[in-house]
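I'd like to ask some things about the structure below.
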Amino acid sequence: MRTGEEFRKGLAKMKTNIYINGKLCDRTDPIQEGAVNVMAATFDYAHDPGFKDIGVATSHLSGERINRFTHIHRSQEDLFNKQKMTRLYSQELGGCVARCMGTDATNALSVVTHEVDQKYGTNYNENFLKWLRRVQDEDIDCVCGQTDVKGNRPWRPHQQQDPSLYVRVIEKKSDGIVVEGAKAHNSFSSCADEDIILPTRHLTDADKDWAVAFSIPADCEGVTLINAAFSPPKRKHFDAPYAKLGNTHSITVFDKAFIPWERVFMCGETEFAGKLALLFALYHRHSYTGCKAALSEIMMGATALAAEYNGIANAQHVRHKLADMISIVELIYASGLAAAVNCTVADSGTYIPDTNYCNVGRMLAGESIYEEYMDLAAIAGGLSATLPPEADFMNEKTGPYLNRYIMRNPEISAENQQRAFRLFQDMMSSHWGGHKLIDALHGGGSPVIEKIGIYRDFNLEHSKNIVKRLAGIEQDGNTKELNRLSHNFL
Amino acid sequence: MRTGEEFRKGLAKMKTNIYINGKLCDRTDPIQEGAVNVMAATFDYAHDPGFKDIGVATSHLSGERINRFTHIHRSQEDLFNKQKMTRLYSQELGGCVARCMGTDATNALSVVTHEVDQKYGTNYNENFLKWLRRVQDEDIDCVCGQTDVKGNRPWRPHQQQDPSLYVRVIEKKSDGIVVEGAKAHNSFSSCADEDIILPTRHLTDADKDWAVAFSIPADCEGVTLINAAFSPPKRKHFDAPYAKLGNTHSITVFDKAFIPWERVFMCGETEFAGKLALLFALYHRHSYTGCKAALSEIMMGATALAAEYNGIANAQHVRHKLADMISIVELIYASGLAAAVNCTVADSGTYIPDTNYCNVGRMLAGESIYEEYMDLAAIAGGLSATLPPEADFMNEKTGPYLNRYIMRNPEISAENQQRAFRLFQDMMSSHWGGHKLIDALHGGGSPVIEKIGIYRDFNLEHSKNIVKRLAGIEQDGNTKELNRLSHNFL
Amino acid sequence: MRTGEEFRKGLAKMKTNIYINGKLCDRTDPIQEGAVNVMAATFDYAHDPGFKDIGVATSHLSGERINRFTHIHRSQEDLFNKQKMTRLYSQELGGCVARCMGTDATNALSVVTHEVDQKYGTNYNENFLKWLRRVQDEDIDCVCGQTDVKGNRPWRPHQQQDPSLYVRVIEKKSDGIVVEGAKAHNSFSSCADEDIILPTRHLTDADKDWAVAFSIPADCEGVTLINAAFSPPKRKHFDAPYAKLGNTHSITVFDKAFIPWERVFMCGETEFAGKLALLFALYHRHSYTGCKAALSEIMMGATALAAEYNGIANAQHVRHKLADMISIVELIYASGLAAAVNCTVADSGTYIPDTNYCNVGRMLAGESIYEEYMDLAAIAGGLSATLPPEADFMNEKTGPYLNRYIMRNPEISAENQQRAFRLFQDMMSSHWGGHKLIDALHGGGSPVIEKIGIYRDFNLEHSKNIVKRLAGIEQDGNTKELNRLSHNFL
Amino acid sequence: MRTGEEFRKGLAKMKTNIYINGKLCDRTDPIQEGAVNVMAATFDYAHDPGFKDIGVATSHLSGERINRFTHIHRSQEDLFNKQKMTRLYSQELGGCVARCMGTDATNALSVVTHEVDQKYGTNYNENFLKWLRRVQDEDIDCVCGQTDVKGNRPWRPHQQQDPSLYVRVIEKKSDGIVVEGAKAHNSFSSCADEDIILPTRHLTDADKDWAVAFSIPADCEGVTLINAAFSPPKRKHFDAPYAKLGNTHSITVFDKAFIPWERVFMCGETEFAGKLALLFALYHRHSYTGCKAALSEIMMGATALAAEYNGIANAQHVRHKLADMISIVELIYASGLAAAVNCTVADSGTYIPDTNYCNVGRMLAGESIYEEYMDLAAIAGGLSATLPPEADFMNEKTGPYLNRYIMRNPEISAENQQRAFRLFQDMMSSHWGGHKLIDALHGGGSPVIEKIGIYRDFNLEHSKNIVKRLAGIEQDGNTKELNRLSHNFL
């Protein structure tokens, strides 16, 4: 297992194919610092005794201890541990843990490459496992590019005026394929070793060229990352762990990029494209039941802190509001636990969490985030927006004024009051804060996507049959058995 | 294990101490029919191969097969099974399964009597286990009277103008105690063999006389049940399982009632009163994650059926609404699963589900029920309220009119349309329907009670410490460890 | 202007064409009592000095003082007065005031008959005014049958398998027309003198036979009312004004009913059918901003009373909840005021309130009602559901028990506690209560219908142009003027 | 009436007492540009024929045409016009119109100074009118500093450890008073001519020194503005009106500042402090029914534009969502209209809008803003967060990629797609966007403050009496009259 330092050194050696704000940049550009810190932590935490090996697993390929982010879930316990690791790391970092995308894509590929091979006699799974063994052995960090730019939303890939509005194969060669198109919102791609590319949706036979999955080194030929990097405001005087956070998102452009066959995990098997897309989404939503629970707990904890510092912690409406916020945390985490309790095992031996429990947890998280921001803002008050910058606290004329007039709960020092409100400001009233709200809404799939999934995957006929029986409406077949036993929760 | 028929025969033999609508009544009075049907089903289902023994457990006292409703949870599996049984039975019945109260009170007593004995050298647990052995062997059905009438809400028991506004001990004798007071909302007491009486709240030293728990035969001397019974409207022509449902709630009055010591499970140990009250509530909320999931699934299934019969099943807003309703079902059930995943074991060996997960599940259920009724009403339309009674469908002039004009989706017969809308009407636009809404809000503890519990039981300092660390606010002690490890979800 | 007594005598003389619960009934049948009480009040209140002539207007036809319910709105003041009258009467009665439907239909007809005549040279308006003069002079109470039974929802009238699933003309004669079909949810038709029949939706050219409007005596040949009547439970011992309320809804069947031409107000002018339907709905939603504000104030007042009687009026969450409930009352009423402030005048001289303000007010009312019921139930507590019936309070054994144990806030007598909770029970936990919830959701148009109207009627292009300008997106024409002046609020 | 240019020249001449980011700055510092643009517009729009004199009024002091922002409302029409002006200007600017605070403070002072004089024989009103005449004649722009820094929230001014945590009089001299303390969130003070200082809350007799109101030139001796300035990101290549917006908020520190008596409008009359505070808040909430309706319309229009550009304008859930957003716009504006319809006239002749209607409108606006942001983010999609900066669109390698891959609805050019999403990004995913959310929640009073006001000001006893009568609970006095007439809506 690598350390964060080793990971940083690896980044520094990569080729320069990233544009940030109109300029070609190194991966070690200071603007990347926050995101690189996050990714580096996923290496360091595996060595940190404080986390007691929660981030370490035993490879089913090599039997070696590996970073859990490179692991394939081989038991219910693995699912529990992944969720727990994601939550603990996210609350330690103060936000997104970045590396789960690679884990989630990898697990999805472990299932689907096996199924495609079963049906078509292809050797995607063999290629995949060879690739995975290297990922585990060398502790490679992967991200996942799934969302195509998608052009006009109601049209399928082959219906778009420009066929490359979804990433597609434009040539097949003996040694590999050539692809064109762009993936949007490719999070943390600018600090990843590899970028796993997956289809974004269900495809029809007419969309054969778009059914493609592969993994590439993030700096490979023909690939350009147009990258946007985000961080909380930098601190000069009142440093804080939260200020070291960050993330990046790129539009990753494939301009006649060549992918050798041993890195190709799907090519033309349209009926598996949707399954692969959904399975990645499923694993990723399961991850969200960990990180979003952490994020919601941070929002709630911040609100509780704001109440204490404002001297209103005992107001009944504050306590009720905190209880509501806690219930969001608990329901999100519970849905991930329930998904593991109801897991299934794929033919490949990979464990798969329950779809509907993951979807309802992610939907709740996505639908709650704006209200959580409102709650913190409501209880912290306007100072979260209007707190003057650090420099005003250091100026010899205005500093004393501010330290005098920021006082509220007299048991809290002026500096701690400032630190708390500066955190709230960074969380909400900053470029970072505005960005994170949208990120938290859409990342891992927007609530409307989960709604569609929930409706599609729930056994609605079963529920209607329960009701028909209660109404005395005659039904075919052995309804009684149907009612009682068909629905295997737990 | 008794059958439903044996249970009914037992009821018929009990003494008459029930008043319904101003009159003294037998337990077999026709007005009780719906409630008795429900209770009888809890006996029959244990024998029903369709339920595959989900309702049967092995006694840890006798090693015999017993009805699960008389069982003490001795493993995580028992908690999973109780939740599953509750859901399956509830969706078979179309509503509340009635007998869980006894189970929940019994499990709470198994924990607390043991703890009281540990502290005070009393022998409540021995009495309790002897009593329990009989309950299991004879398959006795118990209910639980917890909620005192409570007088002026802000006052404690000893502060009330009339001290009997909470049930209290008015005399201690060598062979037992004499009690006075009344328990409200004593559900299904009129069709129970025994009524377990528990304290309703945390008590202080000044409330010693009110710290009392015991079990009595429901027809014992000095006890009067002022009973209200509820059922969906009776059917004459279009019978339906839903119409056979029912429940009852009594105000159970203790007028110098004598309780022999072997039936007393707490008497004066005030500091355990709150614990017993909360523990019953906890088990009961865990039961609700089963029955309320069933109730929500029935509401959702009814809404789906209404959409199909109205010909609007494919409208996007209908599908989105159903997805929202499904998510309530899944989150409620998930919270119960999570509570079992995070269970603890009492000194007595009894398994206890996690408090907070139970509370958030029950709160969500309580807060959602009105919206679920609105959703069904919105999609079914006004006919749920204005559907003419059965007799109009049988009248020779109006019957043909109604069968002609009720037609909508032409693939559904007039009779089935009527059956569906009559069910919706019974569920919502009936004495029963109005009653059930309030029942579903308050039964098992009102949402505001769960809010208080959630706030009280969550480790808020832990969450604030996470945030303080992110803000750079100095903390005492080994915060890093604290942040990472103190919070044992999973 | 007639009195309530004169109105009752008129009802008694009408022919018997009403079926209730499978039997042919007189309009004076006791089951009708509640509804008749309501309708009678609309006559008596006009004479009641307590209401200071709010219910009296001056006819623009005769110059005589008439009951405002028969009046055509000829000024903004008339719109203000109608809304105010509706609110005052509704809070006096405790619910729906019944007679507004006739008023609303009449005003809609006064506009549309004039417009049809303008276009086609027909004489509907002349017929209408002659009819109206008689309605005013004789103080006739009218209701309105609009909602067709509608068959399969996605199909238009001419697409239904049975063409009479929407009311239609099946024959035109020299002296009149013959109609067939049925109107659903025809509220208070069983205690009306006349029933005004209007189209229910926008129609296409293929739906010519369905574009029909007319007024008939409610007991005319060929018309059958299959009637459902609703009331709060009758009281024997603790009488209360609320218990005297009631309503009825019929499925009104037209079986080759003949309508003479002088009573026909539209026949085949399909392009005006939608306008007439919407205009009635508009006036009716404006009425709802009066009565629903009253209903919401009653729910809120009941919640405040429950809090006082339970001794929890000062709890912060109670005060906040009441503030939320008040805000619903005020927003609903405000939307009606705004609709009058932004009224327009039709060619006929009739004043028309603004559509969107009426729609948003009605939508808010419809979407809030379930939550209002939940709020009352939450703060009143479970006793609203389980309060024993009157007879138990009169029984010599149970009466004293109940009067003892119902005590809470000691300043409130047991009888008043009972009276309050009995009211809450009647409002919520009764056949009436269950029915009213659905009635309040759908009556006057379900929220989803208002949603459609709001989207359709708002000038969305104007709003998008404001945004395009802010974005620097070039627009055609004089956008600046457009942005500033095209939108004439106020 | 001055022009924007004349206003800017005035600003340039003022003394330098503003600190921004740790440095002493001129009022013409570039960081102030956005806020100055907004304030300047309030001068220019009064001359702009596009606005047809909506911003011009006739002074009741001089009879001259004056800028409406300096006007005292002397009729219901004035209230309508102020609301309309506020909405039109706000939608032209894309946000807050800044100058209303001065108007609202001035109107509040016109009422309260008169009342204080009536009671105490003081001459505040004379001073005020003299001052006002100059404000009108010279077209001076005023802002208002109300919110004290407030220290520990549950404590009154005189209870704070540091008595200057609320602004207070520390010395009274023959020619004036000396004050100390600080006002927070003093919006646009850095581009105002004058700053009107008002009490922030109800005061008791013990708080005499804190009952003080006055107006000062914003650059006067002893006053320091610690100022935070906010703007949407500057544009280099794709300029847009929205990017020219801005605002500022200062902590305004009074360090032994001297105020001459002719500028003092209250000094020690504690029982009027609360009234003045509430009256300013009332006028300001009335202003919000204009500007927040504009803001909500902009959010809704942006959402509609996003749907069009994404090609999903016809999806049912999009149309329903837009209808919900429209209803917020309409209800907010309706509440302001209703407040004017129900206005009262003070002894001074100033018109006062209804309190409760203003409160419910402002509360709805405050409670809706987060959901409006979520709606726009949900329908626009993640690109609002991850759209690369302008420079990437201008770079010769990445520009063509971006213009290719941003295409969606093919009828919209790449540039317009970029312009639209850049606007959405500026609105939400920027320092400005994060700031504005909190601003929109708290500005003009947080929702919880309105909740308190609504509960306090509504005639709850009246509502309870309606319900008591319906329940048959006996009441004192002439309840019937009470029920019918005491409540003067309209």
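Letters A, B, C and D name the chains as they come in the text, with residue numbers starting at 1 for each one.
Quick note on the criterion: a residue touches a chain if its C-beta (ideal position, glycine included) is under 8 Å from a C-beta of that chain, and two chains touch if they have at least 3 such contacts.
Everything numeric here is computed off the predicted structure, so don't read it as measured data.
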item: Set of chains adjacent to chain A and to chain B; value: C, D
item: Interface composition of copies chain A and chain D: same or different, split at half; value: same
item: Equivalent-chain rotation between chain D and chain B, CA atoms, steps of 5 degrees; value: 180
item: For chain A paired with chain C, centre-to-centre distance based on mean C-alpha positions, whole Å; value: 51
item: Interchain centroid distance [CA atoms averaged], chain B/chain C, Å; value: 39
item: Residues of chain A engaged with two or more neighbouring chains; value: 317, 320, 448
item: Chain B partner contacts - residues on chain C that touch it in the complex; value: 19, 21-23, 147, 149-155, 161-162, 164-165, 182, 184-185, 224, 226-228, 249, 251, 253, 255, 310-312, 317, 369-371, 373-374, 377-378, 381-392, 394-395, 397-398, 401-402, 404-410, 428-435, 437-439, 441-443, 446-448
item: Contact set on chain C toward chain A in their complex; value: 315-317, 320
item: Of chain A, residues touching chain B in the complex; value: 50-52, 80, 83-84, 87-88, 91-92, 94, 238-242, 297-298, 300-302, 304-305, 308, 319-320, 322-324, 326-327, 330-331, 333-335, 337-339, 341-342, 356-357, 359-361, 363-364, 416, 419-420, 422-423, 448, 450-452, 454-455, 458, 460, 463-473, 480-481, 483-485, 489-490
